Amino acid sequence: MSQLLKAKVTTHRQISSGYYLLEFSGAELAETARPGQFVHVKCSRTTDPLLRRPVSIHDVNKDRGTVRLLYRVAGRGTELLSVKEPGERLDVMGPLGNGFQLPDPGEKVAVVAGGIGVAPLFFLLRQVAAAGNDVKVFVGARSCRDLLAVDDIKGLGVEIQLATDDGSAGHRGPVTELLARGLKNIDRIYTCGPAAMMKAVAGLAREYNIPTQVSLEERMGCGVGACLACTCKIKTPGGSSYKRVCADGPVFNAQEVAWE
Amino acid sequence: MNKPNLAVNIGGVDMQNPVTTASGTFGFGPEYSRYIDINELGAVVVKGTTLHPREGNATPRIVETPSGILNSIGLQNPGVDYVIEHYVPYFKTLRVPVIVNISGDTVEDYAKVAEKLDAAGGIAGLEVNISCPNVKKGGMAFGSDPAMAAEVTAAVKSAAKLPVVVKLSPNVTDITAVAEAVAEAGADGLSLINTLLGMAIDINSRRPILGSVMGGLSGPAVKPVAVRAVWQVYKAVQLPIIGMGGISTAEDALEFILAGASAVAVGTANFVNPRATMDIIAGIERYLIDNGVKDVNELVGAAHGN
Amino acid sequence: MNKPNLAVNIGGVDMQNPVTTASGTFGFGPEYSRYIDINELGAVVVKGTTLHPREGNATPRIVETPSGILNSIGLQNPGVDYVIEHYVPYFKTLRVPVIVNISGDTVEDYAKVAEKLDAAGGIAGLEVNISCPNVKKGGMAFGSDPAMAAEVTAAVKSAAKLPVVVKLSPNVTDITAVAEAVAEAGADGLSLINTLLGMAIDINSRRPILGSVMGGLSGPAVKPVAVRAVWQVYKAVQLPIIGMGGISTAEDALEFILAGASAVAVGTANFVNPRATMDIIAGIERYLIDNGVKDVNELVGAAHGN
Amino acid sequence: MSQLLKAKVTTHRQISSGYYLLEFSGAELAETARPGQFVHVKCSRTTDPLLRRPVSIHDVNKDRGTVRLLYRVAGRGTELLSVKEPGERLDVMGPLGNGFQLPDPGEKVAVVAGGIGVAPLFFLLRQVAAAGNDVKVFVGARSCRDLLAVDDIKGLGVEIQLATDDGSAGHRGPVTELLARGLKNIDRIYTCGPAAMMKAVAGLAREYNIPTQVSLEERMGCGVGACLACTCKIKTPGGSSYKRVCADGPVFNAQEVAWE
């Protein structure tokens, strides 16, 4: 059940140039959130910037009743967010969205992250690893400075392969090149990242006929399905229709998305 | 002091308090029910409904501007038959009046939608959107011409027995001329304002940001324009007014009431604070008590003096 | 890359860069010279001037609104003769073109002011304000009716040899109709937009805040409306446009240029950042260099595509 | 010469409920400022609230190159100001306005402050006391909690009389009642406070024919004389005309002001 809360920031630090990890208290949120869901955060105290900002739930700690966000400073909203001090209150709504559908027991899973797209995937990975599924993780980014959460992922004891555009870490080139080589025996794919990357993953998935879930982004108003601002085109038998990323997603079946 | 009276009446729609929702910002009702008890509202105004389903505009459909947003949803909606089948049963479970916002490409469309909704039951009134700037045909044109606005109003009035509130556009030289024409044609109340026509350009792509180029500006940025419109229309016509445009707090709502609105609608502010409507109801009540005002209706238009 | 070209021409007024000041926000020039070198501007547009001195409206004359302000200065100014005697000698010492903004109650007033300024020398052009919402007679009416707007334009054109830029109001149903009429009547350029008509109410005193009840809304809040107006007018007429309304940064200015403005004016932002004009000039130059654009004129209207 | 600076906040503390004393570095400003002048302060980082806020120069320290402001939290702007931390930058313009005209040597001076009106008068008092003029200070406020800078004024070694509306300190009643009794031999009056108080002071001054300077307040736009927003009605031989509080004032001859 989504809540509206003024949550206390417990820790907040820059983990790489322009990337921040923020943790806040929210026992019920931590308890009920599912991987792939997001929170809608009010970054300013005034009417400018006006809207909330959607940020994925990066991880939760049910014991401590805390929720983590991993975010990139992209503009004015996230910049205001980045100066919040521990102890300050954060105005958050959530959990919102549908979240990922977890794999069946025994399924071999590939998780493909591009840049900040790793944000919602860590929470998923932790659950999938804990459930005992076999997991391969592919993380791509512009350069090694944009490779996030790698140590945390390694800490889960799962296999991880890295790719960077500039070759500063791991494979030089798109992460989908690594994925293409590693698809053998994969039963299910989860991906989040730049649209072009997700489209390429969807292409591979179709080729190998692997069920794939993608987490989409769209500019949001309400975050709860009321305003119809955040729609994406979803293929339907008759053609296509607009679905709401915030309420019908953000997770969609990759083959249903009408990629541009 | 006893509890002050908050109840108002908008052209036949009885509201337990003056606070309702702005069409298009509150879905069909259930979306915000996780945050508020809808039955505590004065009324619910739901998403714009048309005769046939509409897909809406290309994305992006929203862009933030200083203290405001531009939207170009393009009246995406499942069509009136779907609304009657899927939402009217839900409306019937509510204890607050539901007002359905309607749009059309032609006068006949408006009349047909009104007729169907009238027959469906479970609806307390119609809000006729003659002012949405987001549809290519009709929409805007009806709202910017007094004669056409009157024609739509008359057609809806004769198609439905429900109270009819006509929603006016601020994108006109003289909003009072449209208000007078619509009043003359039989409207039971007026809603104002709809969004201001605006746009934004991405300086990197060097293209308009919204998929449909122009959009409607709403939010706190437009409040001064909306208060002015309510002030002018209150002076010009006798109909009850639902005021809206940038209302985020009880103070904002009271500005509209003092300018002449009998009720207020909360739109964009729901996105920022999903409990905005509840906070506003409580704040209005607080103001009445603090100022020893027994009935909110005493404040309607009070800023005009005597 | 070499220094890109920033020079533009507005209907005969040569500007070394596209940045000027919005009338009424920059006094007669000297007020801001402690913060910037006025000679580095593209042009200076000075306070609205009328035939006779004007006292202006009662205070308060300004009220802050979300990301904007409402003003009701009421064209306070010392009259054209005083301007010619006391400010024109100063204008003559400047190396940048000075454009004088003029207003009147009647068509004859406009013509007389234009004639006097034309004869005075030291002035590069006239900006004809047919859109100020703050004066009871004339002002607003001229700007909201295409035929009257054309009449004022023609009268000023025949009274003065100076380039004539006509400043349009956004408070109209169709700004392109006014633009077309004014172009037809011989205007050399267009300025848009003037302020949006708005108001604010004090919920404690329960009275309008501004001494003159209504005022003009300006600042970042109105930017989306202004960009839209520039976009529409650029499509409709061939005249060069000075775009304004909420410009605070180079990014804002570029939005207007891409929408179709050949020059931009900075108004309310001067109050917030007295060096805003200079920051904007530097920012536009930076953008041109970063994007390999050799001449700012290449960007004018570029968001319309080909 | 007025400057635009991003000044470093050196100290900032609440001195009474809702009243703050803020000090910032600004050597040139401290050097050139005159009593009665003000600075124009940007309180928000965003476009809302948009405008700067005028705040009087409460005092300067030329040796340390610092400037002090004494302010009351009145609304959103001053509220945002009140959370500035030492070390942060403050966007200020100034000094602005005309300032007080200092007394001639030997003149006996009365200074009358109401509430936050004491803000610009302390800097004046310090100079007048240093110049050796005889000074009587009258400070009025709603209650003792709103009596500000009293100890600092006492520290100047000048005579001070207090009045409060609720009688919680000093005389119970308007400060002008104290002034009326203390006008003997006064050559010159300076006053700042609520309009009604200043009007009453102006009335007494006219009665006793004592030259009096008042510091007015009006809502401001530019602060530099360009926008004509901040005008006040000044009597002229022919009737009255509007003068700019920011540039022609904020200090005016009390007998010229067309009090409402």
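Per-chain numbering from 1; labels A, B, C and D assigned in written order.
One rule holds for everything that comes next: contacts are C-beta pairs under 8 Å (C-beta built on N, C-alpha and C of every residue); 3 or more make two chains touch, one makes a residue touch a chain.
Here the structure is a predicted model, which means the values were calculated and not measured.
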Message: What are the mutual neighbours of chain A and chain B in this structure?
response: C, D
Message: Averaging over Cα atoms per chain, report the distance between chain C and chain D in Å.
response: 36
- prompt: If you average the Cα atoms of chain A and of chain C to get two centres, how far apart are those centres in Å?
  reply: 47
- line: Taking each chain's mean CA coordinate, chain B and chain C are separated, in whole Å, by 34
Per-residue overlap in chain B, given as positions that touch at least 2 other chains: 66-68, 219-221
- line: chain A residues touching 2+ other chains are 47-49
- request: Using the contact definition from the top, classify how the chains connect: line, ring, star, complete or other.
  value: complete
Task: In the complex, go through chain C and note every residue touching chain B.
output: 65-68, 70, 144, 171-174, 196-201, 203, 206-208, 213-215, 217, 219-225, 227-228, 231, 246, 251, 254-255, 258-259, 287, 299, 302-303, 305
Message: For the complex, give me every residue of chain C touching chain A.
response: 66-67, 220
Task: Could you please specify the touching residues of chain D with respect to chain A in the complex?
output: 44-49, 76, 80
- prompt: So in the complex, which bits of chain C are touching chain D?
  reply: 24-27, 31-32, 34-35, 47, 55-56, 59-64, 66-69, 71, 73, 76, 219-221, 248, 268, 270-275
Query: Any idea which chain D residues touch chain B in the complex?
result: 47-48
